[in-house]
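Take a look at the structure set out below.
Labels run A, B, C and D following the written order; every chain starts at residue 1.
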């Protein structure tokens, strides 16, 4: 059972690392150690009624790393929070990636779906990591992945950085060398990855997004359609996900 | 005509000077020079729909001084604004005290009604100033008045600072030496002062408070009942006041 | 810059933003801040046949992202308005709308007649004021009463007639249809939602009238919903309002089905709001290659 | 510490705060945060006769100081609830209320009968859900339909019966009177105000259902007003809700006439809200020498 006001995190870094993308480190040693790759943090932005879900990009014994893009009012306010201030964050929430010690993985991130792949990729020795961005201004976390000693691929839609390709182009080339895929990014990308994996009988876990209320499974707003035992049902991104078996997801 | 965004003031001081009472200096040289004693500033508190009216406590060529008490959510937020930040303030607004160069004045302030008396008293040489507070913890601005070289009286309800008396007790003693009274403070105090003045045929100007919307006379919410030419009417604190002839006011 | 003009009931507005009745007085005060021609129009403070003192103060309270007010139609009366305020207003280069409220049908009729003989541009029938004892909202809450009052005033009015609806009803689209069927040239909506705040330290309602009308950003989603429902039900143009405070809100309200807009409470927060909102709308149009606001009106694509 | 207990329709609550239906599921999730006996009661997620999938996502949008939702009554059906959820809930040391919604009167009746044979504490008749196609709010918007459904369910229900009212009506006090006259033991109010938000970049409503129900602090003044009006019209107790997010709001709602309270949206902002609100209420009572919450209920002194 969590305790009253346990969810206070101290901001120790909040910097812009690419156009409109911020790298935030928040401290709370009790909760940070619990974080698993693919889980998320539900952040109370001062003045807002709804919390904002942000994937855990990395975690150590005392801190969570959250990399977020300024989209609307909430993330705008978040980007102005100063080092030293406290944030009210529910974390870690959800079910993360299920990473099998025996298997060879390919981690794929697209755009702002790249951050959670960092913590995930750290679970393996020299995994294949494919990162895709719209253009060079949005490229993030390359040196972090490199530090982590993985086989890193960088693609951009316009070729302004790395290879001019889609992440799926790279994935196709690497299929022989991997046993499973973990992916996060825009729905069309996830759908394409999922199709390739299905065709090649490679298991694939995808991390999904949906607008949330409670963030813990009580309000049922973050519904995601899945097909289980032949019938369609709604499960919930916050509690049943955000990571799902791509075969179940109704894209 | 004021210009777009002219109302930005830079906070150069915001300090607690007594329990729950803050002394704030804000800079905008274009507007500060226009301030007259008894006028007010209409402050946009970040995140709030309605502005907060605060009397101008003092003004110089570049700054306005605002002394305010934390009452509810708005002033609470205001008290946390940091030096260097900008505030959106409409000022100076309203009609101030009408101070006749020929007359001898007594300026009376009660509680958080004391601040506007500072700027007002500065218009005269050695005026009588009577300040009253509930107790010693709420006493403010004494050294400022003293610096200003006025004949200063301090009263508290419980005698914990200065004389244990009401401002009206002091006023009665000074009636012979003055030609007019300017007062600001709680309604019962203003009513009592007004009665004494009326009985003694001493003109009296009182500064009133009312909840405001626009602050400039357009929305008619800050109504104040006055008797003019024998009939009752509503005038408006923000535009017709906040200073009124005490004889007109329906207390 | 993009063309911000709109046309409502044959009247041309050079911007879609109209000052909402009761928040802008008769314009004098805000003219110290900017040229009133920055506004498409001004809906004047609600006027009655005779001068009214309005309600005792306090008349306003703050609420989360909104306010409550109960001014109670303080105004100098229609004759004073026509004689003293209208001539100056007509010189400001913006559309002038008279917002009228009566205790009886006959009073509404008399005011409409008097105003029909002036050079006022439009008349807005306020049958939705929640803060007065008799008349007020009572006229606006059933289809039958809306039908009656609209028809009656129509017969006494030579100006384009806007009927302003109350949101405190079960089915606003039905009410709008009644107004349309009985001669309204346009609908304006929404007036305030009735609310209440209590000071827990005194146990007294904060507003002397006990209840007041809620406006400001808090009510915006209700206003958008009602405008959308009404736009789907009537053919006459809708002047949308209720909580608009930024240009994004303006676009949203137009998409929901509004042809023009009114803004009120946001000017208490920022008197320059109309200027900023117009700038934002123009930028949005330029960026998206939109030539006329009519392309935005009603363009929402429901699921 | 002050005594926070209240009694509604013969049922004892050890705190006035009840989790609002639909915001708390069947309690499991929040039990990871605190003991559920901190709550006076739990109004469970609205249940229907058969399992329902609910509406397609997105089901939620943010609004100024509020939210819109359109979950559309996703639930496992009444039998599953009785078998799987109720036994666990009954062990949590808090009052358990079943919130039921039907497509037809008969469905409501069947559910009431099934639940009457369980150890559920109370039944809350949800005739105000705005987010479903048939049934839902339609039952709750006229006095006649409220009278019919209340009477029908009363005849099939052996448990204390709460009727939950929709705020999307012209005269909520009249509707409450219909419920009272036809056997309701208590009123709960308000459900959500229907609203809409549009994404101006796509021109699409943010919520897939197009419209959604507004809750959260934005609607608080409307809820207070409606509770006050209703408390002046009926004798049965009122469970007040709508936008309560801090202890001050709780006191205000009690003063307006509520005997107990429900809270929903505020727990999305802060799961610990009920604990904090109870602490604030207790402190307020101690400071003001208030022995029982019944002293606060309805204590507002209108002007």
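Everything below uses one rule, namely that contacts are C-beta pairs under 8 Å (C-beta built on N, C-alpha and C of every residue); 3 or more make two chains touch, one makes a residue touch a chain.
Everything numeric here is computed off the predicted structure, so don't read it as measured data.
Q: Going only through chains that touch each other, how many steps at minimum separate subunit A from subunit B?
A: Each step joins two touching chains, and the minimum needed here is 3.
Q: Which chains end up grouped together through touches if subunit C is skipped?
A: A, D | B
Q: What is the chain whose Cα centroid lies farthest from the Cα centroid of subunit D?
A: B
Q: Taking each chain's centre as the mean of its CA atoms, how far is subunit B from subunit D in angstrom?
A: Once rounded, the distance between the two centres reads 46 Å.
Q: Averaging over Cα atoms per chain, report the distance between subunit B and subunit C in Å.
A: Once rounded, the distance between the two centres reads 35 Å.
Q: Roughly how far is subunit C from subunit D, going centre to centre by Cα mean, in whole Å?
A: 33
Q: Give the residues of subunit C touching no fewer than two other chains, as numbers and ranges.
A: Residues 65-66, 216-217.
Q: Could you pull out the residues of subunit B that touch at least 2 other chains?
A: As it turns out, subunit B has no residue touching two or more other chains.
Q: Line, ring, star, complete or other: which one describes how these chains touch?
A: Here the contact pattern is a line, an open path with two ends.
Q: Which two-chain combinations touch?
A: Applying the touch rule to all chain pairs gives A-D, B-C, C-D.
Q: For a test of understanding, state which residues of subunit C touch subunit D in their complex under the given definition.
A: Listed in rising order, the residues are 63-66, 68, 141-142, 168-171, 193-198, 200, 203-205, 208-211, 214, 216-222, 224-225, 228, 243, 248, 251-252, 255-256, 284, 299-303.
Q: Spell out the residues on subunit D that touch subunit A in their complex, using ranges where they run on.
A: Residues of subunit D touching subunit A: 22-25, 28-35, 45, 53-62, 65-67, 69, 71, 74, 216-217, 265, 267-272, 275.
Q: So in the complex, the part of subunit A that touches subunit D is made up of which residues?
A: Answer in residue numbers: 1-2, 4-5, 44, 48-51, 74, 88, 90, 210-225, 232-234, 239.
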